[in-house]
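The structures considered in this document are given below.
Two complexes are shown next, each including chain A; its partner changes from chain B in the first to chain C in the second.
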Partner chain A sequence: MLKYIGIRLVQLIPVVLGATFLTFLLIYLTPGDAAMKRLTAQGAAIDEEVLEQTREEMGLNRPFPVQYLHWLTGLFHGDLGLSYQDNRPVSQKLAEGMGNTLTLTLSALALAIAVSLPLGFLAAVKKGSLLDHGIRIFAFTGNSLPNFLISVVCMYWFCIRLQLLPVVADDSLKGLLLPCLTLAIPLSGQFIRQIRAEILEQLGKEYVTGAKNRGIRKRFLYFSHIFRNCLPSLFTFLALSAGTLMGGSVVIETIFRWPGLGELAMDAISHRDYPVIQGFVVLMSLIYVFLNLLADIGGRLIDPRRECQVP
Partner chain B sequence: MKIKQSVSKKQRRLRIRLAVLLALVGLFLLVGLLAPYLVPNDPTATSAAHMNEAPNSQFPLGTDRYGRCIFSRVLSGTGISVFSAMGLVAILFVVGTALGMACGYFGGILDAVVMRLADCFLSFPQMVLAIAVAGILGGGTGNAMLALGLTGWTLYARMARSSTMALKSEPFIQAARLSGNGTLQILVRHVLPNILGPLVVSAATQIGSVMVGIAGLSFLGIGVTPPTPEWGSMINENRAYMQLAPWAVLAPAAAIVVTVMIFNYLGDTIRDLADVKGT
Partner chain C sequence: MKRFLWLLTALCMAVTLCACSPAGTSEETDISSLDTSSTENSKILRLAESYAYPSLDTHVEYYGWFTSIYGITQSLYRIGDDSSLQPCLADSASVDESGLIWTIVLKEEVCFSNGEPLTAQMAVRNIQRLAQENERFYYLADFQYQVVDEASFTITTPEVYPTMLNTLASPEMGMLDLDHTSDFDLSPIGTGPFQIKSFVPSGTVEVERNDNYWDGEVKLDGAIFYYMQDDDSKLMAMQNGEIDAYDGVTAAAMELFSADPASYTLNSIPATRLQFYILNENTLSDPVRAAINLAVDPQAIAEFLKGTVTPAIGPFSPSASYGQVTKPDPDPQAAMAQLENAGYQRNANGYYEKDGQELQVNICYYAARSLDTIAVLMQEQLKTIGIRATLTCEEDADATYIATGDFDIALYCMIADSAGDPYAFIDATIRDGSYYDCGGFDDPDCQALVEKLQYETDPEERARLANSIIQMVIDDNAFGFVGLFNKISVMKPGVTGISENCPFDFYRLTADSDIA
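Let's look at the complex of A and B:
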């Protein structure tokens, strides 16, 4: 197992380096002079001397590979440069938003799992029944609704029409409810479909027929055999859904003014604050890659059959 | 015999569903093409006299805060949503498949470089990268499509690569080569038809999500730029006035939901149909 983790970690190195390179390139290739952008963002008066000095400070006069290496070493030391807007360290700004984003995404994830696990299970076990059709329609609809649309409609209904919840989300549980719900609905749609398909696949396998013929109780069969066999795939779904969650949180946080990473990123985009955008993208991709690795390892820990196969 | 019959019955039902959905998609394309001739009012014409008007005979779905006709705007938005989503998927499909086939067939350095590049793009959550790229490029339909496409091609490249690799050593490919066919001819005439099925299924299921992506970017103000009527940006423009003019949000919202559902259902149907044939 340790060997496997080691191999996977080594395999990750080029991917992570490539991702950081692409992120750096993204900002490097934007038209215009970075020193000029920094000064404009700060609203400072621009003359040639100040511009040249800023360029020197930012290291813009050095060749491209040197700039990249400098940025990369900074990244590994947790230094992502300074924000154009207020000259504060990007890492500090990201750290401030991180907690709120984690609260939002994790609660949405928990809600989505709590809803979709039983529903997906029921739909698969009662395949073809009215219940199955109902659950599938719910899943299909949830999967087709864009998250920004759900938020706008929910906001209209709960906050303006019924006046039950605050329009601008605050730290209270009430404030969290709506953003969490709107983030969880499309995710549950996705999960239910995947869980249903996975359990249906297991139900068609020979071990299930065998267990049924041996008279093993249904409850035991479902929870100890089928559920356990589904777990490795569930881990993979979870890791992949992290992408949906991260993208969705940008939209939801912007709509509900939830002070997390997504709102920070959108704010940075509207102010052309490139170091913050860069830091946000790198952080998200590192988390995403890491979660996928964890899902792989988790799947292997649960399924001993897979342990001996090395990719 | 009985089993065979039930399969063909299911297939017949799926075929009917496919025909209905394709007809609906055709209708969307038609509306998208003919929108300039179908609209009752100019979709971008503003009017101070008709601000936030409720649906009436002149404006079937009311007006927004600039007095623009919502019905005309929703109708004109059809083309942008449907054509940009289908166009982007078509481009990704062609580019990804071509790259994947080349990688699978030739292997070597090309394969290593392209596949590592795909790995790198896949290490970003798609929407996060799209938001960042579209945000930096500063909006516009083309930029939004580029931003969504950066990760989208990898799906086809990976699939095409692995199926081409599996096919490469088949006797009929060798026979084709021995009978003097050029590489391009082998790839297009002999490899492509054999790997096309799963790729088409993926493309069909991708259209709906690309549509949601473009609408999402436009909603955030970094996709299709106003005053071009686009459903996502219409919802964003009018959501602040939802109490006064709910129709200005609900009409484009309904349009997105219906369109995305039809395209998603089409994707599911094509997938099921391919599945039935396979078993």
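Let's look at the complex of A and C:
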């Protein structure tokens, strides 16, 4: 197992290098000028001479390979550079966003699991019943509604109509509830469908028929066999969802004033803030690889029959 | 089975509650605790801001705009609601006959929030720090500064610099106590009516009354600025009574607020952000440009945008002395006559053509500041006079059509007046070789006036020159001025003095800001 983890960590190097090179190249080729964006941040016209001087100071006049190698050298020294927008260390900005995003992601995942596990189970066990149809409608609806719509509807009901929560929230528990709920609704839709499908698959297997014929109690069968056999694939699904949530909750973060990584990344992209974009890519590459690794190791621990294969 | 499911549900709920722990150390809030405005003991104004920055260092980047908005810093001069320059921390300023040596006299009573007086030495050090910290003000390093006495200093410029007072009025020129400010990013010490109470970088900002304020009574006890980017969130926070005012109200929100005048006060004034287009003189002949400008109807566009913009005649507010220009009213018949006089004839498709070549123009735009809507409306308006317009949307205008000049009509939006003077806009768009001089406009007489404007010190003559320059540009159909964005503020009844009538974005809280 340790050898496997070691190999996976070594494989991380080309992944990060490839991802950062491609991102750097794509940003470089995309029309846009970080110096211009910075100087005209408030929309006022600027002087051509100042623009040129700022480009020089920011190193934007250097050739692409020089810019990339300079950034890469910094990365190997643990220095992700300074943000073009405010000259703050990129690592500091990422760390601030990371904490908030992690909190939001874990909360949304936990809430989604809490809702979807029993509902997915029920839908599978009561397949074809009215309950099953109801749960599936909820899952389809939740999955198909766009995040911004769920956000606004939740905000309207919980804040305006029911007066339960403030619109102007902070990073306290109350501030977390609405963004967490908004993220958890579509996620629950996906989870319910996944859990239902997994359990139905297990229910059709011969060991379940055999166990039933042997008179094994239903509770034991469901918990110790069916649920356990579903866990590895659910664990993988969960890990991948966590990765998506970490970088993809920008709408939620904007609407609910949640200063996380998604908002940071979008802001950096619109301002051509290359160091922050690059730092974000490195971080997300690490997170994705780490979560994949975690899913593999978790799957192996849950089901020792599974082999950890180096891809 | 049921018990198992209940057990599973309970387990998952427990996991959720564990995960939903607070992220930071901030105190838990509830709706009732948020309602802190105008209580018996304190008057706290709560506002929503669309922008938030990581630092309060007045001299860096555009952060000075925000310390000015928060009422923490003030500059030596300020720009009035009518775009006129008014002394603020300075008592007076004068320039000698050569036009090179400015003498600035400070008001004697000015002091920082810590009680320390603002001296001439400190003012000079602030200007020098700004020159060092902010690339947009690097040229200030070329000036020479000399302290005359405690309350006055001179600035000597290498050449005549008529917009000195406008520069001194820039919000980035806010005066800080450089000796006693321990952290410029988090707690700068300024001269404004408020001082920082708490500051979350790129988040909520809280200010409290400066008890040492030098210019009279400060009516509010404090204010909170919530960073809220989303329009719907601001609208709902206002409806929920969680904020007392905000600006940048959308057309949809305006309809809601105006339907309930007892609960909300709406205020709308033309501001300084200009929507305009550049006509490419290299690809469009004089009659075609004239026809385009006669076809585009700013009034109709403003009506379509539901009051968020005011139709523009020139680039500057008509209330400013340098905004006195005229242009012909939209007239589709006259536009078509222009084309027909130039030899164009209608083809079977209803479009004009000449020598078998259909008249087509390419409108380039970027999807922000309602330019996408304007592009479509212009396309329709040009169609009515027989010009086929194609639309090209770019993500970044500066890096594409502005840089290459590859357009017939280039839509753009910028702050035309950021310091109460017309020169910055004229210098950036009309002067030969400037960044936005990408439409091929070339008029030696106009350039001579631009040169003259650069060194003219008399405000009245400056206004006259600016009006002449803009009029020449309008008459030549080099540009089309579409609209000035309105500054639309909504306030709870009783909220007053939040610079709602000031067209500039960098003023908000003053000593007169109040909530009943």
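Here is the rule we use: the second predicted complex is superposed on the first by the 242 of 311 C-alpha atoms of A that agree within 3 Å, B and C clash if a C-alpha of one lies under 4 Å from a C-alpha of the other, contacts with A are read in each partner's own complex, and residues count from 1 in each chain.
By our rule, a residue touches a chain if its C-beta (ideal position, glycine included) is under 8 Å from a C-beta of that chain, and two chains touch if they have at least 3 such contacts.
All of these numbers come straight from a predicted model, not from anything done at the bench.
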item	value
Chain B versus chain C as contact partner of A:81, first or second or both or neither	neither
Partner chain in contact with A:48 - chain B first, chain C second, else both or neither	second
Which superposed partner A:179 touches (first chain B, second chain C, both, neither)	neither
Contacts of A:160 with chain B and chain C, given as first, second, both or neither	both
First, second, both or neither for A:152, with chain B first and chain C second	both
Dominant contact partner of chain A by residue count, chain C or chain B	C
First, second, both or neither for A:242, with chain B first and chain C second	first
Chain B versus chain C as contact partner of A:121, first or second or both or neither	second
Partner chain(s) touched by A:254 [first = chain B, second = chain C, both, neither]	both
Those residues of chain A which chain B touches in one complex and chain C touches in the other	30, 152, 155-156, 160, 254
Touching residues on chain B, where the partner in the complex is chain A	116-117, 119-121, 123-133, 135-136, 208, 212, 215-216, 219-222, 232, 235-236, 239, 242-243, 246, 249, 253, 256-257, 260-261, 264-265, 268
Footprint of chain A on chain C - complex, ascending	1, 3-5, 8-9, 12-13, 15-16, 18-24, 26-31, 34, 46, 48, 53-55, 60-62, 65, 135-136, 138, 201-204, 226-230, 232-233, 236-237, 239-240, 242-243, 273, 394-396, 398-400, 413-415, 418, 424-425, 427-429, 433-436, 505
Contacting residues of chain A [partner chain C, same complex]	30-33, 36, 38-48, 50-51, 53-54, 57, 85-88, 96, 99-100, 103, 106-107, 109-111, 113-115, 117-118, 121-122, 125, 152, 155-156, 159-160, 163, 165-177, 180, 218-219, 222-223, 254-257, 259
Interfacial residue positions of chain A with respect to chain B in the complex	14-16, 18-19, 21-22, 26-27, 30, 140-141, 143-149, 152-153, 155-156, 160, 242-244, 246-248, 250-251, 254, 265-266, 269-270, 274, 277, 280-281, 284-285, 288-289
